[in-house]
Amino acid sequence: MQTHPKKRIDLIIEMPLLRRITERFDKAGVSGYSVLPIVAGRGQSGEWSAGGQVSEVGQMAAIICIVDAGKVDAVLEEVFAVIRKQIGLVTVSDVSVVRPERF
Amino acid sequence: MQTHPKKRIDLIIEMPLLRRITERFDKAGVSGYSVLPIVAGRGQSGEWSAGGQVSEVGQMAAIICIVDAGKVDAVLEEVFAVIRKQIGLVTVSDVSVVRPERF
Amino acid sequence: MQTHPKKRIDLIIEMPLLRRITERFDKAGVSGYSVLPIVAGRGQSGEWSAGGQVSEVGQMAAIICIVDAGKVDAVLEEVFAVIRKQIGLVTVSDVSVVRPERF
Amino acid sequence: MTLTDLAAQNLLSPMVLFFAVGLFAAFAKSDLTVPEPVAKLLSLYLLMSIGFRGGAEVAHHGLTVQLAGTIGAGILLSFAMPFVAYTILKRTSRLSAVDAAAVAGHYGSISAVTFAAVTGALNQLSVPFEGYMVAVAAAMETPAIISALNLARPHRDQPASGNGNHVWREVLLNGSVITLLGALVVGMISGPKGLATVKPFFVDLFPGFLCLFLLDMGLVAGRGLNQGRKYLTASLGIFAVIMPLIGASIAAALAFAIGLSAGGTAVLMTLAASASYIAVPAALRLALPEANPAIPLTMSLGVTFPFNLLLGIPLYIAVANAITTPH
Amino acid sequence: MTLTDLAAQNLLSPMVLFFAVGLFAAFAKSDLTVPEPVAKLLSLYLLMSIGFRGGAEVAHHGLTVQLAGTIGAGILLSFAMPFVAYTILKRTSRLSAVDAAAVAGHYGSISAVTFAAVTGALNQLSVPFEGYMVAVAAAMETPAIISALNLARPHRDQPASGNGNHVWREVLLNGSVITLLGALVVGMISGPKGLATVKPFFVDLFPGFLCLFLLDMGLVAGRGLNQGRKYLTASLGIFAVIMPLIGASIAAALAFAIGLSAGGTAVLMTLAASASYIAVPAALRLALPEANPAIPLTMSLGVTFPFNLLLGIPLYIAVANAITTPH
Amino acid sequence: MTLTDLAAQNLLSPMVLFFAVGLFAAFAKSDLTVPEPVAKLLSLYLLMSIGFRGGAEVAHHGLTVQLAGTIGAGILLSFAMPFVAYTILKRTSRLSAVDAAAVAGHYGSISAVTFAAVTGALNQLSVPFEGYMVAVAAAMETPAIISALNLARPHRDQPASGNGNHVWREVLLNGSVITLLGALVVGMISGPKGLATVKPFFVDLFPGFLCLFLLDMGLVAGRGLNQGRKYLTASLGIFAVIMPLIGASIAAALAFAIGLSAGGTAVLMTLAASASYIAVPAALRLALPEANPAIPLTMSLGVTFPFNLLLGIPLYIAVANAITTPH
């Protein structure tokens, strides 16, 4: 099948900031994104686990966003406007898609 | 360590169709796949969230499948036979594995 | 935005072994990792699903770890010391990050 | 008791008030959420409790001609209402034929939590009703799906694709259908004696669990409205209030013909008036994938459910009282 | 009943013992975990139960001058305690001004499960308390956040950025605040009659649910201590024990002035002594992102909560008894 | 009461019937699922309830010689049964030595929900049993694991690797072991008075929670059989039914020697007859990773558990009755 190159942006961010980040995605004009739960992790600020937690403070979530290469910079700029002071991790990678028109 | 190139297929699809899709994976002869939950997202049909939902309608799930490059087309064909009329997103990317024989 | 190449290591491993693996990550000196739940899957040992399960035996989890390319071999060696006898799947792929100093 | 009294008492019940709290939180965009597994537990509990208690009642009273008649009436309603709904929708709305058929299927079927709410209201008013009504509810869940598929068939591009059996399996083996029917059978077999052993859980906790579930329903309905407002044209919004009244009226006539009690009449009316938002959407997502699932869901959960909960139920109880009281 | 008796009875109660089991499991690095959605269900249940019962009591007794006075005292405490806490912290610890303000905000606000624990202990001792204290608890949740933001403002690099309204929305519409207030209103509207219908769920199960929740709290507090030990300098550890005593003392004086009963006095003291670990951390994560959330959480959950649960509550009850007993 | 009566009453109990509903749904490939966090909540509840009530009974009756003797018998059974099981398996099946040792370990240990089921059945029959049997159950969980590791040791390729301590920690600190033992201790300390405060939750709801849990067990056992059928050779299938009978027989002899009541004898027989599917699989996954975990799980959950639930328990009660009735 013919495939077309796109970019995949992966974020790992603090859960309480989810809404602020997704608002930025909307602003950057992405066509969509998906949020995946993270249940545990470790980083510079130590280990954490979602188990038994009532509050979202200290919890993380993952966001996946498939975008056109031309939009990557706009998304990164929006995202870094929010996570400057917060814990967050952003990666960009190459993917191929079959139906390029939806992004 | 010596690594070998393989392909990673990522699907984001409607949860009620999960079983139909995985049946297609079996048909395409993949050696395995994993299903990850998605808890929220946005797309052309708007925002959704799994929170508080009893039914799976409108919910999405992610499927990850590591395959040999030679099988990618077969998998995509099977997959697109199901998701033609449904909401779904497919990406393919390059990965390296250490034990090539299991795929 | 200027981006820097890093490696993304993805593991899919048996949940009861999670702690042993993350101890190996610490040993390999990675700066962090995140654990994502997997809810169902299929492999050589058949199909499984987390639904209704009390025990973690037979369940899988995903670990994502962004590292510097120079650390990949050390991580793989540590990881394969544990999963030799167990079910587990490891892939490595290329990603770009914006803030290289945190890895 | 007058309709105003009934309505007031209903609106002041903790269940309805917790629904309102949920609605408010959703409209105010609070981050309050009932975790998804908890929502599923609540639904599982309600279905098991409803089914078990209904089955134990049937075991107690035995199978009667009236029971058979009422189940027959329920099946008839579920089969027929989608045709009524479809006709109205095609005349008043701009829905495509397939979407209209899907919506019609939702309104032919029933909502288990609306059933729970009417039984809760009747219990609070000490109005007895036929215990086998849960069997009627179970019988009304699926026939509407057949009607919807039949209504849609001439308008579908893709060939029928012969997976009719496939679809039937998925409909009949739907988790919520199995739970309700399974609990009904368990209740019938283990009877009042079995019920006694689990009464503190399945009977005494019911109103409390219903409060939690209705809080969640309020949140979900409110968010559904926030999201689905774009689908809610004036005509669909009106339909979502009128169709329950039409269904309830037909049901009232049938109940009168069968000779149901006031409570049973109110329950049958409520069943007819309620619209599915769990079993039917799941089935149609597989059997009629061209239909946009958000349209019927927004109507059913966002308009019809709140309407029935807040105003419909006291109205149906009042009407049921009126038509069953000897003059 | 002497303080020793009270302390012994408290330490032997199932709730406190299950908390100890959780602590032990966490310190021993057991894999025991309460799944996150279950923890959220437990918290939802506790807030609904506390709120509903408090509301029903208010409906029963009506709104009084004393109620207004006590709510006023609670708001005052919540506003003022952060200033006391901040002053102490700046003198005794090396926390940055922003972190000190964040910690101070946590100690001005309250912990709902500590409230649940003191009411549980009073019920077990058959000591009555003013039912409206839940309204006081609700009123004390948020004022401390304003104080914390005011304390931090001069020390923040980033401009105030004018999103004050944004923050207020997020604080007031926080899920736990809405649940508690919503249930309070439901209880006030549906009253004792509404409470009767849901008593088996919201009243009878309360001690059992509290056991489960405290098991979870023990696990989370123990893990928090394992992880956050590095933040717990001697001065912060001492603060986390002294500050509750200071808060409780001020509250005792206010309660005496208002003329609260022994039970009410114990509750107000416990509220003042408790530190938030759900509503305030969530609000500050958004409003004061420069602060390290782990510092106040470790202090509040890892030290102050266990201290109050194990020793503080019997102490506050004993003091409340002493100051309200006529000589 | 005859064996047939007992069996009939057992098969008509809501718990067993809900298990059958779950099995049916799994075999019919319904999408019915109990969410994983809910299943964990149910398990947590059952362990806390069993442990707490057992502890309160021990507190009530005190520690006796018979208690010590019964615990000793339980530990002996758990140590010894794996050797019996291993010998049979090596003669009748083609399992590798390591897999046979793993299976043997499962059958030496116990299943907490089977324990719950037998106590539920005895309660329904109003047959009293020694309250400390829960302590016996707890004591029987882990010795079998040592035996399994000893049986496997000569056949393992990898060196013993000196992580024996590591494994012991993981076994003894396993979440389900800690919960049961922790609740037992809480029950012993807080005693009948503590139990009274949480009775509506931990006692009254027990049969209802057990229904939910058994529905889930039916689903999981059915799915396990669907998936693991390939491992179930004729010899393993027969073993999974015979081994419980062997275990129960040895236990009956020991119970007779100790002089347990009819109820206590039935419980000890059931414990011996039951096979672990939570604590032992988890421990062996870490301590004996070469073993295929699906083999013992399929046998234990797919065959032995249903056998005990449906037929074994009434049989053990009947035998216990017979051997303890004075002639």
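Chains: A, B, C, D, E and F, in written order; residue numbering restarts at 1 for each.
Operating definition for what follows: a residue touches a chain if its C-beta (ideal position, glycine included) is under 8 Å from a C-beta of that chain, and two chains touch if they have at least 3 such contacts.
What you see is a predicted model; the values in this text were computed from it and never measured.
Taken together, chain B and chain F share the touching chains C, D.
Counted as hops between touching chains, the shortest connection from chain A to chain F is 2.
Copies chain E and chain F of the same chain sequence form an interface built mainly from non-equivalent positions, shared numbers / all numbers used being under half. When chain centres are defined as mean Cα coordinates, B lies farthest from chain E. Put simply, the chain farthest from chain A by mean CA position is F. Computed from the mean C-alpha positions, the centre of chain A lies at a distance of 19 Å from the centre of chain B. Remark: chain A and chain E have CA centroids separated by 34 Å (rounded to whole angstrom). Distance between chain centres (mean CA atoms), chain D to chain F: 41 Å.
Multi-chain contact residues of chain F, defined as those touching 2 or more other chains: 31, 33-38, 40-41, 200, 205. Residues of chain B in contact with at least two other chains: 36-37, 39, 93-94. According to the touch criterion at the top of this document, the contacting chain pairs are A-B, A-C, A-E, B-C, B-D, C-F, D-E, D-F, E-F. Note for the complex: chain E touches chain F at residues 12-14, 17-18, 21, 24-25, 28-38, 41, 124, 200, 204-205, 207-209, 211-212, 215. On the chain C side of its complex with chain F, the touching residues are 14, 16-17, 20, 39, 45-58, 85-86.
Looking at the complex, you find that chain C touches chain B at residues 10, 12, 36-44, 60, 62, 73, 76-77, 80, 89-94. Across the complex, chain D is touched by residues 35-38, 40-41, 44-45, 48, 52, 169-170, 173-175, 178-179, 182-183, 185-187, 189-190, 194-195, 197-198, 200-202, 205 of chain E.
Within the complex formed with chain B, the residues of chain A that make contact are 1, 3, 6, 8, 18, 22, 25-26, 31-37, 61, 64, 66, 93-99, 102.
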